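Next come the structures, one after another.
In the two complexes that follow, subunit A is the common piece, with subunit B as its partner first and subunit C second.
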Partner chain A sequence: MSSVTLQSVEKSFGQLTILKAIDLDIEDGEFLVLLGPSGCGKSTTMRMIAGLETISSGTLMMGGKDVTNTHPRERNVAMVFQNYALYPHMTVAENIGYPLKVAKASKVDRVQKVEEAAGKVDLLPYLARYPRDLSGGQRQRVALARALVRDPAVFLLDEPLSNLDAKLRVAMRAEIKHLQRSLGVTMIYVTHDQIEAMTLADRVVLLSDGEIQQVGTPDQIYDDPDNLFVAGFIGSPSMNFVSGQATGGTFSTEKVTGLKAPIDGMLTLGFRAEDVVLAEDGRFRGTVYEVEPTGEATYVVLQMDKDRVILRCDKKYRPELGVELHFDIADSQALFFSAETGKRIR
Partner chain B sequence: MTRSFIRSPLMTFVFWLVLSFMTLFPVWWMFLVSVRQRVDLFGTPSFLLDVSRMTWGNYQAVLSNPTFQKYMINSLIVSTSNAVLVSVLGLLAAYAMSRYKLVGKDNIFFWVLTNRMAPPAVFLLPLFLMFTLWFRVGDWSLFDTRLGLVLLYCVFNLPFAFWLLQGIVDGIPRELDEAAYVDGASTFTVLTTIIFPLAKPGLAVTAILTWVFAWNEYLFASTLTSVDARTITTGLAEFVTVTGTNWGQLAAVAMLTLLPAALVLALVQRHIVAGLTFGAVKG
Partner chain C sequence: MRNSTTGWLLIAPTLFILFITGLLPFLYVLVVSFFDWNTFAVNPDPHFSGVENFRRLVFDEAFLYSIWLTLKFTFFVVTSQLVIGFGLAKLLSRNVPFKGVFRTIHTLPLMVAPIAVGATWRLLTIPGLGPIPHFLQKWFDVSYILSRFPDQAFITVVLMDIWHWTPLVTLTLLAGLSNLPREPIEQARIDGAREWQIFWDIILPFMKPVLLTTVFIRLMDALRTVDEVWMLTGGGPGAETRFIGLHIWRVVFPKTDYGYGSAMSLLALYMTIVICWLLYVAMTGMKDNKQ
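Up next, the complex of A and B:
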């Protein structure tokens, strides 16, 4: 097992810099998730850690050793690819045992370790099969077992669940988390799915446009976002935003009155759908635009002047369209962002 | 004629029957000549085989002829060496072009293919000079050597192999190489354990077609060899002499020349189809 440190790591293609000065410390045994929308640079970051992409500038350390310019085979990392990258001409056992074979491990040792790794992911009955004879979930487990079979310093998983159906994804998510916990390995996981990130990670790194937006535990990222991007990206439904002006320490718009603000000026107020309480004397009001029952709750979409917000209400609640509703939130759950920079104002 | 009539099973059958006849009739005719006695060759032509007058004498004469045996061995060595060399070099070149960012990559590819654009006869004179004068060490020169022919056929077969194998290697996902690298493999290990096994259908096609090319080649073999490295195709011409043509033995040699190529193709034609369509659709 090993820690990983990225110091001012950058990636450029000609004039275009796609990763800008990434600084990151990943602790030994940590489950770190790189999260962000498509094209944000999360996969490139992982590929640089694996050694599959060159690092344009900066330093990459693994276990205290500089591996910036080291070939992938000398980094002692294991990687699970999005499409699993199983060798189609090899059986499951040969696939799992491939890292041991290239390391010239003895056949006895190889057989024993392959069975051990296959056992951890319930693949023992499938060792003689070829990848084409397996389901998506089984292939995924072969890729995991191939990563587990040796004792790598770091596990890298590049969107490993994105090709699975929703039900299997939930099951595999739990399996991966359980595996990481039980083995105590350092795992770096790339995903664009925030639910995956929140459920799996010890810490989440949220990337956008090649820059780290925030690093923190899932709770910190969700409850205490650093900027509008993080606040809007994390959570389903997304955080509600209302633009307005704060004067004399009070934020107000045509539909919001008397909300305590940290500074004066043009601000964006953010609050979560589930933090809302319907109240006749609430400081917020809006007209019902749409009602979305989901079974476990009813989401009411309100039009508040230019802004549209979503409230999470009781599952039996069915307001009529066009009716004006009043609601409120606790002051502690009102987050303010600079309308100009998007940065959080605490 | 309606479209449905043209596409009817009967018309399809007739079409393939005519095509098969056009392809196979010359071979049948050659076989007839090879098993007929000399006196029957100039009688009334017949498409049918008269088993009572059939003879294997031409084959016996040819197979017991030491010169013919030497030609056969030369052809086998030259064709096989050429096929192996071309397949290996072609795979390495295709891998480099497929996986690495090389300066002027597209131009290299086009330049290599231009080798196949001019008629081979254009190269004959410079090649003759190269073989007899330039590539010469003391009394030894490339002229009339098997090595010379193998290298020469490589020049003409490599572009084809390169073109065919690049498509094959491009069809092998790059992620497999990357997975192998992360698993601890070197580039050589990736080539031997991942690329080579997956490119096998393409390699089979390359090896077979280049083998057949070298086996059938006549122009260079007849010009750039004289005694030691003569091949079976040039040997065929030796049956045509100023005093006459030994049609029976000529046909027997032609049949024997045809046999290995036909056998190889028949055995591996399934691989050829797989090789030519490999990578056409994403697996």
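Up next, the complex of A and C:
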């Protein structure tokens, strides 16, 4: 186990910069999730940590040692690929034992360690099978066991759940988290799925366009976003945004009146669907555009001038289309962003 | 029913042509192989002789020697072509300078007809005219005369075949290499494997189908090599490069021993099938048993 530190790590292909000077400290035993939309540079970051991509500039440290130009073999990292990257011509046992085989471990030692690793992920009955005879979830476990078998310093998982069906994904998610906690290993996990990120991570790193947008615990990222991108990316349904003008410390639009604002000027107001309370004397109003029952709640889509917002209401609530509704939010739940830069204004 | 009739009608022309050009000659050779038929003989008409031709084969030293030569030749050319072809394919699959130019030049021999390849090599090796004997004499003081030294003739024939057919191996293996999945190789790198271990444990097993196909194509071709060798050495000196195809040709045409030649052809065909089958079992069977 070991810590990982990225100091102004950059990646570029010729003129094109994929990743802009990233600084990141990953503690020993931490579960860190790299989250972001496709093409944001999260996989590249992980591949640089693994040693599969060269680092254009900056320093990468592992356990206090500079490994910027070290071969993957000497970094002692284990990686699980999105499509598991199993060796199709080897049995499950041979797959799991391959890292030990190339490390020239003795046969007795190998068998023992393979069984130990397979036991951790409930694979013992399948050791003699070939990957093609396994289900997606089982293949996933083989990849995990192969990572577990050699006590790596850092675990890297590149979207390991995205090839599984929805139900299995939820089950495997819990298993991975439990595994990480019980072994106390450092784990870096790449995903584009914000639910995965929120449920798994000790800390989330949200990336976009090759830049870190915010680093924080899932709660921080959700409740206290640094900018419009983070606010909009995290949460389902995503955060509601209403643009307006603040004068004299008060934010107002056609449909919003008398909300306290931190500064004057053009602002974007953000609030979450579940923080809304329907109230006759509410400071917000809008007309019902559509009603979306999901079973556990009813989402009401309101038209507020040019903006459209979503409110989470009681599961039995069914307002008529076109009716004007009033609602309110607590002042502490109203987040303001600069309309110009998208930065949060606190 | 109507559908299947239409289907048969549609492939009928192909079947007809295949019957005329493939099956009919084969059956003809099969029949002739049971006849004593030599137009130079006292009795030039074919007459039934049972398995006499096949019995003669087993004791025919010239025939057995030609088989031995063919096997030796096939072993040397196929293994060399595989090793060199794989090396070149590996090189060309990377980004090396002048890759395109080299690939084009390397592929050129494939486009030359075998008889022209033989003629070219003949010109290169004629004593007093070709550059090879000239420079071997001048630089290494080696007397290089194909019509005199059997080893030189055999090695030259092997080299010519390697020169002619390695590009085919390179091209097919290059296609195989460029279709390799990236992740298992990267995974092996992370697992701590060295480059040669990745090659043995990951790349070779992935390449097995392509390798098998390539070996089969080259093996069957090499076992029936005729034209190049006929042009370069004519099977000589003596019978030292008279491979099975050349030997059969000599028996059937100049000697007009049709029945005996047919029997030889059938045995050569049988030998090819057996070798290919053995090779297939050796390359795939072991793994299958393990499963």
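Observations on the model:
Just so we're on the same page, the second predicted complex is superposed on the first by the 346 of 346 C-alpha atoms of A that agree within 3 Å, B and C clash if a C-alpha of one lies under 4 Å from a C-alpha of the other, contacts with A are read in each partner's own complex, and residues count from 1 in each chain.
One rule holds for everything that comes next: contacts are C-beta pairs under 8 Å (C-beta built on N, C-alpha and C of every residue); 3 or more make two chains touch, one makes a residue touch a chain.
Not measured: the values here are computed from a predicted model.
Aligning the two structures on subunit A places subunit B and subunit C in clashing positions. Of the two partner chains placed by superposition, subunit B and subunit C are both touched by A:A78.
In the superposed model, A:G51 makes contact with both subunit B and subunit C.
Within the superposed three-chain model, A:A103 lies in touch with subunit B and with subunit C [touch as defined at top]. Of the two partner chains placed by superposition, subunit B and subunit C are both touched by A:Y87. In the superposition on chain A, A:Y130 makes contact with subunit C only, not with subunit B. When both complexes are aligned on chain A by C-alpha atoms, subunit A residues 50-52, 72-73, 77-79, 81, 83, 85, 87-89, 98-99, 102-103, 146, 150 touch subunit B in the first and subunit C in the second. In the complex of the two chains, the subunit B residues touching subunit A come out as 173, 175-176, 178-186, 189, 193-194, 197-198, 283. Per the touch definition, subunit C reaches subunit A in the complex via residues 181, 183-184, 186-194, 197, 201-202, 205-206, 287, 291. On the side of subunit A, the complex with subunit C involves touching residues 50-52, 72-73, 77-79, 81, 83, 85-89, 98-99, 102-103, 130, 146, 150.
Subunit A meets subunit B in the complex at residues 50-52, 71-73, 75, 77-79, 81, 83, 85, 87-89, 98-99, 101-103, 146, 150, 156.
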